[in-house]
Amino acid sequence: MTHMEQPTIAAEDGRATAPTAMPSDAPLVLRGVTVSYGEKPAVFSVDATFPARSMSAIIGPNGAGKSTLLKAALGVIPRLSGEIHIFGRPIEKTRERIAYVPQRASVDWDFPTTVMDVVQMGLYRKVGLLGRLSGSLRGRARACLDRVGMADFAHRQIGQLSGGQQQRVFLARALAQDADLYLLDEPFAGVDAATEVAIIDVLKLLKTQGRAVVAVHHDLSTVRDYFDHVFLINVRRIAEGSVEAAFTTANLQATYGGRLAATHLDELSVAG
Amino acid sequence: MTAFLDALLLQAGYNAALVAIGAGLLGFAAGSSGTFLFLRKRALVSDAVAHATLPGVGLAFILMVALGGDGRSLIGLLAGSAVTAWIGLLLIEWIARRTRLAEDAAIGAVLGVFFGLGIVLLTVIQAMSAGRQAGLESFLLGSTAGMLFQDAVVIAVGGTLAVLATWLLRRPMTLVAFDSDYAAAIGYDVRRIDLLMMGLVMAVSVIGLKLVGLILIVAMLIIPPVTARFWTDRSNRVIWIAGGVGGAAGYLGAVLSASAPDLPTGPIIVLVAAAIFVVSLLFAPERGVLAAVLRHRRFQARVHRRQGLLALAAQHLIREPYTLRLLAREGLVRPDGVPTEAGRAQAAKIARDERRWAVAREIHQDAGLTGRYDGLTPIEEVFTTDEIAEFDRRLGPPVPVNPAVGDA
Amino acid sequence: MGAEFVQFSLTPILIGTFAAIACALPGNFLILRRQALIGDAISHVVLPGIVVAFLITGIVAAIPMLLGAAGAAIVAVILIEAIRRLGNIEPGAAMGVVFTTMFAAGVLILEQTDTSRVHLDVEHALMGNLESLVWFRAEGWHSLLDPAALATLPDELGRIAVACAIIVALTLVFWRWLKIATFDEGFAQALGIPAAALGFGLVVTAAIAAVAAFDAVGSIIVIAMFICPPAAARLMTNRLEHQIWWSVAFATLSAVLGYVFAGYGPLWFGGENAVSAAGMIAAVSGVILGLACLYGPHRGRVGVGKEEAAA
């Protein structure tokens, strides 16, 4: 059998690195997941394992199914086939262990509500439908806002915030969920530099606390600085592994095709 | 039955014939002009416009009586209805543009409030000339019973004019409906064309008031384009098919209504259109429900079959029962999941295609081609035979998936 | 403002107010979800529902009619959703197809059935009949303490009061779900909130409101009650909690002022006959919305909506 030059990672059979020895309690495991909008698969037969205590990036060109993969993992959109396990159990039984930061553009920022209200939405699992929001929970919401540097904005209407501030509020809401697995959909899209630093500081802290972070990520130049683990996707799984092993020129070429100019690749601090 | 045939062949009297022709023409104009609205995703604006005609009818009646007329002139009433419909339209635009409220809220607000005003005016009229009710209520649901000859003429002439206007405006309106940015870029005044479009819709609504009534005229603007959409993906055809559906519904509805008592014109026309819609929804060849269900099941089977074979190629266990059943039915695996010879052969072919794709992605770093590596597109659809031969040359000779069995 | 008021005006005002509040509460969420026109669709299918209920039972009684109308609203919502999904048709057009067809069928059945012996006609259904809901046995304010007189209160008052209470209770119980799912549906689903079922429940609640209000204000003016008070309220505040209160206040104001203007307004202008109270309530709510559009403190748009961001 003639191998390609690049090692084990290329998707020769569509599921190259066999998930047989998969740790069953990994934070997020996908097996044979296919999602399609109409007749076109957005994500086809994807296997993936996102490790504990690390920051993972989902990388791929526009329309490659990155956000779709994340939403499928959350059980928010129906899948055509495949299985998803969160810490070794089906999603329905582990929802309280997941926090989610949707794309900023996915909601109506004109909605009549305040920053504090949005953060308190993250406490919903704790208080339920009718439970009273106790003083300590309110304090926790405030602390989460403080951690993203937004405590002074608690009573602003959300529409009056800048893009970066909106993203911080979303992150604070996820922090309020106090989860073990954080799923973020393009957390750095359209935010200012200060916010990017603030967000990454919070995420790194989460990692040191032993939690897993999985983010859809766009900016290839920061992958190496921010993440430990990458998952490259273009409808199919292209490669996954530690940044050192999988974030390679060959894999990026395979993921992006002609869209990634060679000169651009040189600027990235990628291996190989 | 004979009454129906007489009416169908326009033998049921001069008035009935004129009304039937007018209804057909109006239906055509409504269907085709409604298409622009539908493509612009503003179908229910027409609902607000239609309801906003009611206060105009009332005001025109009061005005005409105040000026000494008997207030029942159809042209006068229609002119009045056009004025308030236009005001309603401008208000919707103003609310949606100037405030944070979305267009749907503006539509609903104008619709409800104008209708309420209309009802107030109707009660005023009832009080001021109890004996001369003038049957303004017939504008609610449409009625052609006891229609005057000149009213029938108004409908026939109005229908003809509406068809002509649609024909004249079809190009700019299609352009704006499909791509307003492009239309603006090449120098069309999109706002004016939008208003023209709304003006046409308003004209159709006003002409249809006496025939279909203001609550149901919106059906003639919406149902035909939605129906036509099932039959074609091409814009100009949508317009003509919608016109055809609307025309047929108008003509047949008016004929049916004339052929028996207790068959109000408006509801009958709408129900004829709805019947055509239901048939299209279910049975249209490409976009119909039946076709879609079959297609989705085929697609799902394709995905599962492919994933199953990929699993076989990688010598993984097939876990999903549906995949297993599918492959077992084709004789590719035994019920316990062990591949048969045919299954191994198929898996080998798929594994080979996967390797070919890997080579292809390396050679052709062209997103247009390799972007079709979506798991389902056969490689033969994307690359020519000699290109594939080149991939094979680089790959070397075929390799069996399972060492026990040779490649097929 | 004595006996005559209690006898002729008190119950219509109360019924109108309850109806307006019952509609305004779900209306707040419909507007924020860009589903305002669901109210339009629901209100149009109330008539066919009532007609079918009459056909089946053969009597004009409140309970079967309410059930029929609620059933029609649910059928309509399911059909709209089915057409939207199956035919890949935008929601507005799907609504337009469904409610006009059902309305047309209702009118046709009504015309074909001999309803002359019963009080069931299209105009009443469309325009409402608030004025007729008077309290004949009332002799003054003291009648409020007289069990015999209270027993003769119009049935409509009890029905709309119960419906209004149910809707208030539902809004309170599901407040958090509604708020989260309306603001960020994806996040709500990720939390495990059944967002789709919640959306359907909201529409059913709106249907209950429309049916209960139908007696009083007729089926078309209900649309104004769904939309105008909440829309005006949205322009007054940037907090959902406050918006709800504003909408209740505007709904009450519309109902009271509308009834008073309809009953007494023509007298001020030298007329003799009252005009339609339901129509006047809609008109007043429209005026309130107009004033809010012109002067509301939060009338302008801030932030980027979904559509603009996606464009």
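Which chain is which? They are A, B and C, in the order written, and residues in each are numbered from 1.
Heads up, the rule we're going with is that contacts are C-beta pairs under 8 Å (C-beta built on N, C-alpha and C of every residue); 3 or more make two chains touch, one makes a residue touch a chain.
Just so we're clear, the structure is a prediction, and the values are computed from it rather than from any experiment.
**Student:** Which neighbours do chain A and chain C have in common?
**Tutor:** Touches both chain A and chain C: B.
**Student:** Using each chain's Cα centroid, which is most distant from the centroid of chain A?
**Tutor:** Farthest chain from chain A, going by C-alpha centroids: C.
**Student:** Go ahead and note the Å separation of the Cα centroids belonging to chain A and chain C.
**Tutor:** 43
**Student:** In angstrom, rounded to a whole number, how far apart do the mean CA points of chain A and chain B lie?
**Tutor:** Whole-Å distance between the two chain centres: 38.
**Student:** How many Å are there between the centre of chain B and the centre of chain C, using C-alpha atoms for each centre?
**Tutor:** Their C-alpha centroids are separated by 28 Å.
**Student:** Using the touch rule from the top of the page, what residues of chain A touch 2 or more other chains?
**Tutor:** Only 110 qualify.
**Student:** Quick check: what residues of chain C touch more than one other chain, meaning two or more?
**Tutor:** Each of 234, 301-302 in chain C touches at least two other chains.
**Student:** Name the residues of chain B that each touch 2 or more other chains.
**Tutor:** Where chain B meets two or more other chains at a single residue, that happens at 100.
**Student:** Could you please specify the touching residues of chain A with respect to chain C in the complex?
**Tutor:** 71, 74-76, 92, 95, 98, 100, 102, 104-114, 117-118, 121, 124-125, 127, 129-130, 157-161, 173, 183
**Student:** Tell me, which parts of chain A touch chain B in their complex?
**Tutor:** 1-2, 4, 10-16, 18, 20, 31-32, 34, 36, 39-41, 44-45, 61, 80-83, 110, 234-236, 253-254, 256-259
**Student:** How about chain C: which of its residues touch chain B in the complex?
**Tutor:** 31, 34-37, 39-40, 44, 83, 86-90, 92-97, 100-101, 103-105, 107-108, 111-112, 122-123, 126-127, 218, 220-228, 231, 234-235, 262, 266, 271-276, 278-283, 285-286, 289, 293, 296, 298-302
**Student:** Can you tell me which positions in chain B touch chain A when the two form their complex?
**Tutor:** 100, 295, 299-300, 303-304, 306-307, 310-311, 313-314, 316, 319-320, 322-323, 351, 354-355, 358-359, 361-362, 364-371, 373-376, 394-396, 399
**Student:** Would you mind writing out the residues of chain C in touch with chain A in their complex?
**Tutor:** Going by the criterion above, the answer is residues 32, 173-174, 176-177, 179-180, 182-184, 186-187, 189-193, 234, 237-240, 242-243, 301-306, 309-310.
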